[in-house]
Each structure stands twice: as C-alpha cells, then as structure tokens.
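The same subunit A turns up in both complexes below, where it pairs with subunit B and then with subunit C.
And now, the complex of A and B:
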C-alpha cells in the first residue's frame, strides 16, 4: 500500500472519532460554571434507561430531563452531595457508577483485594514447597544406564545439540560413581 | 482431592452465571418502596381546568400507573387492566411526556382504564417517582406510602401473584 493510500484509509477511520469529539455534550446554557459542575457530576451518574452510559454522555430523553433537573437543583443552591443524595432517594444506588461502601457491597469492594491476597498466599506456598523439594534418590542404576543410552542415541541423531550431550555426559559421570 | 478444586471453582462460577441469566437489568430496586409517594398537582388529561393531586386520595389504597401514548405495551395493558382490577381499587394514570398531545383523544377513543389520568408533560413528576420505563405501577396505601413498584406490564399472572396478596394485606 502506498503511503498516501495508507493515510487516506487512516483518515477515513478517524472521521467518526473526530466527529464525536467536536460535539459538545450539553449545549444550550448561559452559565458555563454550572454546566462544568453538572458535567463533572454527571460523569459518575448512570443513565437509568441506557444502562451502560453515564448521564453526561447519554442523549436519551430521560437523561436530558435528569440533567435539566440537576441544573435546577444546582441553581437552587444545592451542593453536589445533596443533588446526588436526592437522585439516590429516587433511583437508588443504581444511579451511582461508584457504589458506596456498605454491608451489601463489601464483597464488591473487598473481593479484588481478597483474591490478590489468596493469589499471593498460593504463590508463596508453591514457591516454598518447590524450594524444599528433594531430588528423588531411589532411581536404580539400570534405569540411569538406560536413560544415558537413550540420550546418547538421541545425540547421535541430532549432532550438535549441547543440552543432550551435556546431560548424557553428566549421567555417564553419575554412572561411574 | 486436589484435582477436584478447579471443577469446584467452575461449579461455583457456573451457579452465579446461571442465576445471572434470570436477572432483569430493567428491574431496578426502588428505594421509594416504604417511603411517602411524592406529591404533585397536575392537570387531568381531557378535562380542561381539572387537576389531580395524591393528597386528594389520602385514606384510600390506590394504584398509580405510568403510561405514555407512544408506549404500545401500555395500550395493551389498558385493555386488560379493568378486568384484572375489577373495580376493587382506583387506578390513576400518569401520562409521561405526551409531547404530541395524543393522550386525550386516545383515551376517549379506546376507553380509559383510569379514574383520572394526569398530564406529566415535561416528565418531571416521573423523575420524582424514579420512573425509568413505561409501564410502571405503584401501589400506594391509605397513609400515602408506596408499598410496591412493578416494572413492566401487569399480566393476569402477575396481578394474582403480586398485586392481589398485597391488596388483601392492605385490607381490601
């Protein structure tokens, strides 16, 4: 592919991304500070109809209504916490993308840490067991001789394999002892 | 024994995944159950000049059914609602975002299952009730407390298993 063609293909694939980036999430306002506050807050709130979108990015009509509702509460002087609280009172913790720590969510918050600790414990136990593992001593001389013979024949078939020859010589050395 | 451990882990995971199949993501548990029904005063659809407010029916057990003219499931529910309810409890309607003003002619044409249907034109009262989809039905007791929220249409089976026992408990 020529360089120019490659650039063209890239440009085509980037078009929708650029288009999305150039659209503001919420137009129509005369108070940029309030709008910034709203958008910051809405990032952590779930749109209740389109469940995998935040309230900031959703264009569902209920999300628009909810943003208007939040705008009004902010204009009435409510703090961010008070706004979130009033939404939780109607829709439950479900609207929060960051669920609160409480008995029902202990597993959710503690689970990953618990799994990490279990993993570390298993790893340590396995390493400890491997370190204390003793080589098997009860191999008969016949078995060792047979192994050496097999390795040697393997070596003759694949000349220049250093591992095989090294092992074979070590084995034959052991044989002499 | 050790070789059964992976199978055991898989079995536990399998149980969770299997149960997950039967969860309905639309059925968001409502924190409003057991709390006072939010008050409002809204105009009644098709009766100019008339309004309705939940405080008017304090002392009664009643149902609030959230619907919209553009919701075909709601219209289907309208056809069966009167037969299921059988006049045992008054049903009020909250018309959600009837932007095209279709509700009044529609209820006049099909027959209304409601004692009165109020017009929540901008959807702000629905937000106070935590409405996410239509239809939704709230059971409100004599003290004005929300006792149950049902998401989705009421079928005869659901009416018998969910609504009737509760209404009996609320002395009807």
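And now, the complex of A and C:
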C-alpha cells in the first residue's frame, strides 16, 4: 500500500472518531515532570505495609499518603537523595529496595562475585585435571570384552543408534553430537 | 462421609509410603528380588489412593460442603464451578495434597516406564521417592489436614481469594508442582546412584529424560505464573523478583544447569559427581521454595515464629533431605569419578562454563532471597532486597551464559578448534553486533541495555541457524527430509535456545520501550499513546457470578486503522469485599495494549492507566518454545529405543560399573 493511500485510509477511519471526540484526557497530575520524578524514585522504594510492592505500584492508602508526602518534599525543593534520606530516617533501610552498601550488607553485595570467582577457580582446576588426564583410563580386559559385545549387539539391533554407554563410546570412535 | 473417605485414603497412602520407603531399599541392599518387586505395586496403589483423596476434596468443593473447614474458608455458594474445582488446590492444605498426588503420580510413572532398568535401580529410585512421600503425607496429616470438619456448619463460605479466580491460576500450580516434584525423580536417581555406586553414562541416560520432562513442566509453570501476574495484578509487570517467584526460579536455574551437566555425563561420562550434586541441589531448592511459600516466613519472620508447626516441619524435612543426601554424597561420591580427558576449549569445557555462570546466578538469587530473612531472624535489622539488587547482580551473570549458548552447541566434544569456530562465526557475530548497535539509534538514541539484549538474541538465533546448516552440509537430497530426520534431541536443543532468544528480545524491548499514561478521562475523552488512539466511553455496572463489576468501555484505534474495544473492570467481590482490578489486554505479535481502571472521579470520569508494551508477547512465546524444546528433547528416539528393548533378556551391563569405578579422575 502506498504511503498516500495508507494516510487516506487512516483519515477515513479517524474522521468519525475525530468528529465525535472531544476533549483530550488530562494527565492525572498537575505537574507531569514532578510525577515522572516521583515515579522513578518510588519504583525503588518499598511500600512498608504491603506484602511486597513498590511505592510506585501500590494503591494502599499509606502508599498514597507517602507519595503525596514525597511530592510535597519535592515541591519544597528537596533533592531525590534528601527525600530518600528522610524516608530512611523514618522507616529504616527496609524502605529501600536497593539495600545500601554497608558492613551488614557486604556479604549480600559481594556474594555473587565471590560465587563466580569460586566457580571459575573450581572450573579451572577441573579443566587442568582433565587436560593432563591420560587419554585412556586403564580398563580391565573383561570390561573391554563386555563393552565390545555391547557395541556389537547395539549396532546389530539398531543400526546407527547412539551407543548405550559413555564408557563404551570412549572406547569406540568419538561420537559427533 | 466423603471427606472422611479422603482422610482415610491419605492415612492408608502414608502406610503404603512407609512400606515403599523401606522394603525395596532393604531388598536392593540384600539383593532380594521379592522385596524389590514390591516397589512398583506400592507406588501405583499409593497413587490410586491419593487420587481418591484428591477427588474427595474436589467433590467437597464442587458440592459446597461447608462443613469441611477448608471448603468453608476457600469457597462460596456463588463461586463458579470451574473455580470451585481449582479452589481444591487454592488453600495451603489443598496445594499440599496436590503436591503429594503429583509426587505419587511421578512415582507411578517411574514404575510404569522403567522396565528396561535393572530391578535394583528401580527399587532404590522408588524407595527414595517413597521416603519423600512419607515426609509430605505426614506433614499433610499432622499439620494441614485438608478434610478437617467445622461445627457449627457455616451458612456460606468465605470465598476463594479473588486473585486466584483466574484461568492462569487454574493451571499455574499444577504445572509448577509437576516441575518441582518432577525433580524428585532426578533426586531419587541421584541417591540411587550413590547407593549402588553406579554413576556412569547409562545412569545419566536413564535419569535424563525424567529430568528434562520435569524441567519442561517447571518452565511452563514459571512462565504461566509470570503471565498470570501480568494479567491479574493490574499494572502489567511480568517479573517482580518477589521471593515467591524466586522460589520457582531457583530450581529452574539449578535444573537448567543439571540438564546441561547430564548431557556431558551421558555423552562423555564426565561430571557424574557434579550431576548428582546438582540433582540434590535442584530438588532441595524445590523443597526450599515449598518452605518459603508455605511456611508464612515471607510475610514476616515473626508470623512464622508465632505459628511455626508447618514451617518447622518442612524445614526439618528439608534439613534431613539436604543433610542426609550430602552425607551420603560425601561418603560415596569421591570413589566414583569417571570419564575421559578434554581440552580447555571443548563442548565439555563450555558446558562447565555454562554451569559456573548459572550456579553463580542461582547463588545470587538465593542470597538476595534469604539474606533479609536471616538478618531479621538474627535481629540485625530489616532490609529489603528488591528488583534493583537482582537486576544489578543477575544480568551480568546471565549474559555470559547467553553468549555461550551461541558457542557451545557448535563446539566438538573432547577438543574443539577455537580459531576455526571463530572464523565460522565471525559473520554472525559482526551482523548481530552492528544491528544491535544501530537499532537503538533509530529509535531514541544510544542504549547499551538494548544493544546487549538484541546482540545476544541475534547471536543465539544466528548460531542456531548455523547449527542446522552444519548438520545438513554433508547431506544431499531434500533439505526438508533431512531436517525431519535430525534427532529430536537436536531439534529440542535448538528450539529451546531459539526460545531463549525470543525471551531476551521480549524482556529487552518491553523494559526499555514500554510507554504508559496515567490520566483522568471524562466520558468521551480521548488519549493518544504510541500511535494508538483511546476513546473512553464510560463505566457501567455489571453483576458477575460472585462479584459486582464496574466495566469500562475503551474504544481503541491502532496506527493502522484497525479498531477494537477493551473492557477493563473494577470488581467488588461479594463475600470478601475485596476490590480487584481486572485489566483488559489486546494481545498482538509486536505489542500488547493494556488498559486498567483506576478510581472514579465523579460525573462518570475515571482515572485510567494505559500501557503500550512492545514485544512483551515474545516473552511467553519464548517460554513456550523453551518448553517445546524440552518436550522434544525428552522424547528423543534413543530413550524410546531403550524402552522398546525391555524384552531383551540381558540385564543392564553389570561389568561396566567396574570400569567407572576404576576410571581415573
């Protein structure tokens, strides 16, 4: 569809709507900039009486009151940090969804990195061991015979089917998958 | 009478579980076939009894038997039949009963589909599952009887929590439990391996389809939970890092690591010990999730402390499972390291890296979920750990996994050729990177999050295609026939990885380009959002079966001229007086439009929240593809071949055990 045609179709569809419609919806606030700032801040704050909801999501009455209070503080010229500070003074760190970094939370913030480093260390140790491993482990003769028997029966019954045991596949050619 | 029958069935099932948890294990230890043979009939009878108990509870709900306390507290005379049925598992007691039914169902399935396994293995697996069943049935009978009677009989019930009156909720818990409990099979196989000393590739092949199936259910359960939250909680979020969500994500992460580790164990006989440890961890995390959600510890540590019976029971059980299995592991595992060597760049080493990052991510989620509980319990103060923390630590740990998804499946086992692989993938890498860097510039300026997400998604998609191309390059003839002939395990892996790419696209785009408006709308007023035009036609009263709804009418015209109408509701439930916001959603392949009613302002005007959510549907499409991949992989021919071979008189190869035992680590 050409661009012009599309516009035409759009206009035909919109005309009745435009004709009937009226006033535009008004933002649910007198100060959209302030509201945006509030919402941005409130997303990382906990509604302290709710089960687990942020101040931005919650419609509990305390959350509504608290949001109004934050608006007041913002109108009074407080910075975001100052607003948060005053909330922490009242409700403690519980109100912060992003826990502050302090001795009590060192383990919380450092833990994930520590897990990763431990994991990498263990993985490197494993890799080192596996690389220096002799390519073939010592296998008793009767086990070898058993594996060979299995391989044969496996192939005769199901040509091309994967081999039943990793040990057996180690003894055979390298499997591609 | 019917409720008492249900109660009796549970008691009888507990007796059978006690037998199933002891006799076959003794039989396997002594090599007594008669004792081992009891495992299968016991598991099947237990399943039948618990289905009976469940049916009795469902019957009580469907027939409005308010003399049963559980029914009186969770149902209502006006509740529609479908929700009366789902209310069966809407309460703590009912969901525990569902847990035990599903556990018995998995045991019965193992009994039916295990004819190719050595009898010792079956006896041990079912024995361990019997022990788990003992724990949960005892919990059910001692602390949470679903059939407790009430006197005097109330005239009417208190209704099911309105949040749970939703179709997503009908299937979310059963699917989630199928996953949680399904990992008990993987766990039981792991314990059986430790008991028997048989920890080789054959063991991995037996436990792998069970593990993948459980993972598939869990994937669906987690995805459905997210979809339910999206539709039902009224502001269109899809993941909140809520502890209850983390409770289901943690076993999923461990299970994902497990199915990848098992791949290496099956193919190359390596990481056997690690697979066992992961199987123990995955099931323990399922139990931990049950504890977190069921004990009340999440609402507050003090609520838990005032009525600790249930929580304490699960905690002790969890302690027994973790402590017991780790002790067994410590005693038995080091003797059984097997498998061959592999180079620093190989399929094995890449799977190892996958596991390192997945487990670190799991650790981060576990830490963030439990840390505030521990601080509170120790009296060190109350803190909140919310989305800012999880996003900060989880994303950097998972992004490398997503990058590896593109490399791992193309690398050879044992020793892969890094320069060769880099050469093959340079095009995919470059195109993905350039597209991802340019895309945000065409929208609203540089955005590194979008670039990272889009790059990883494209990288995965390109390498998935590359994987198919490499598989077909040496074949001649019809491409379609060649594709159809590829093993289901290969298809499953590739589809699941492609699903992951879709999921990443959905998450990235909706998180960064979602737009919303919070407005006051008088009747007839209009609003423009992301090219869509919304005209508000007012709210009318509309009685529902057990609630009174204010139903809003919103006419929407898309940028392409198509029109439709959305009906968001505000419901007041008759029994509880709870007010619920029922958002209205128009689903589309590239965007959802989401309208939710706020509060009345007088003169028919309302506050309304309108959201435009680009690509959000890809999240759940990706989840479905992940599950489809899991289902295909679990249905691979080699597992069914093994099944069909049950007529084979030769038992599983005994001497192989000695190979793995002697194998050098």
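Just so we're on the same page, the second predicted complex is superposed on the first by the 105 of 177 C-alpha atoms of A that agree within 3 Å, B and C clash if a C-alpha of one lies under 4 Å from a C-alpha of the other, contacts with A are read in each partner's own complex, and residues count from 1 in each chain.
Just so it is clear, a contact is a pair of C-beta atoms (placed from the backbone, for glycine too) under 8 Å apart; a residue touches a chain by one contact, two chains touch by 3 or more.
On a predicted model such as this, the values are computed, not experimentally measured, just so you know.
Novice: Is A:116 in contact with subunit B, with subunit C, with both, or with neither (first, second, both, neither)?
Specialist: The answer is second: A:116 touches subunit C but not subunit B.
Novice: Quick one: classify A:79 as touching subunit B (first), subunit C (second), both or neither.
Specialist: neither
Novice: Looking at subunit A, which partner touches more of its residues: subunit C or subunit B?
Specialist: C
Novice: For A:51 in the superposed arrangement: first (subunit B), second (subunit C), both or neither?
Specialist: In the superposition, A:51 contacts both subunit B and subunit C.
Novice: Name the contact category of A:92: first (subunit B only), second (subunit C only), both, or neither.
Specialist: A:92 sits against subunit B and subunit C alike.
Novice: Would you mind listing the overlap between the subunit B footprint and the subunit C footprint on subunit A?
Specialist: On subunit A, the residues that contact subunit B in one structure and subunit C in the other are 51, 92, 94.
Novice: Once bound in the complex, which stretches of subunit B touch subunit A?
Specialist: Of all residues in subunit B, those touching subunit A are 25, 28-32, 35, 97, 122-124, 127-130, 132-133.
Novice: Flag every residue of subunit A that touches subunit B in the complex, lowest number first.
Specialist: These residues of subunit A touch subunit B: 48-49, 51, 61-62, 65-66, 69, 88-92, 94.
Novice: Looking at the complex, which residues from subunit A come into contact with subunit C?
Specialist: Against subunit C, subunit A makes touches at 9-10, 12-14, 17, 20-29, 35, 43-44, 46, 51-52, 54, 57, 92-99, 104-105, 107-109, 111-112, 115-116, 119-120, 122-123, 126-127, 129-140, 142-143, 146-147, 150, 157-158, 161-162, 164-170, 174-177.
Novice: In their shared complex, at which residues does subunit C touch subunit A?
Specialist: That would be residues 200-202, 204-205, 235, 237, 240, 242-243, 265-270, 298-299, 338-344, 348-349, 352-353, 355-357, 359-361, 363-364, 367-368, 371, 375, 380-389, 392-393, 397, 412-414, 487, 489-490, 517-522, 524-528, 533-536, 555, 557, 559-561, 563, 598, 607-608, 637-638, 641-642, 645, 653, 655-656, 658-660, 662-665 of subunit C.
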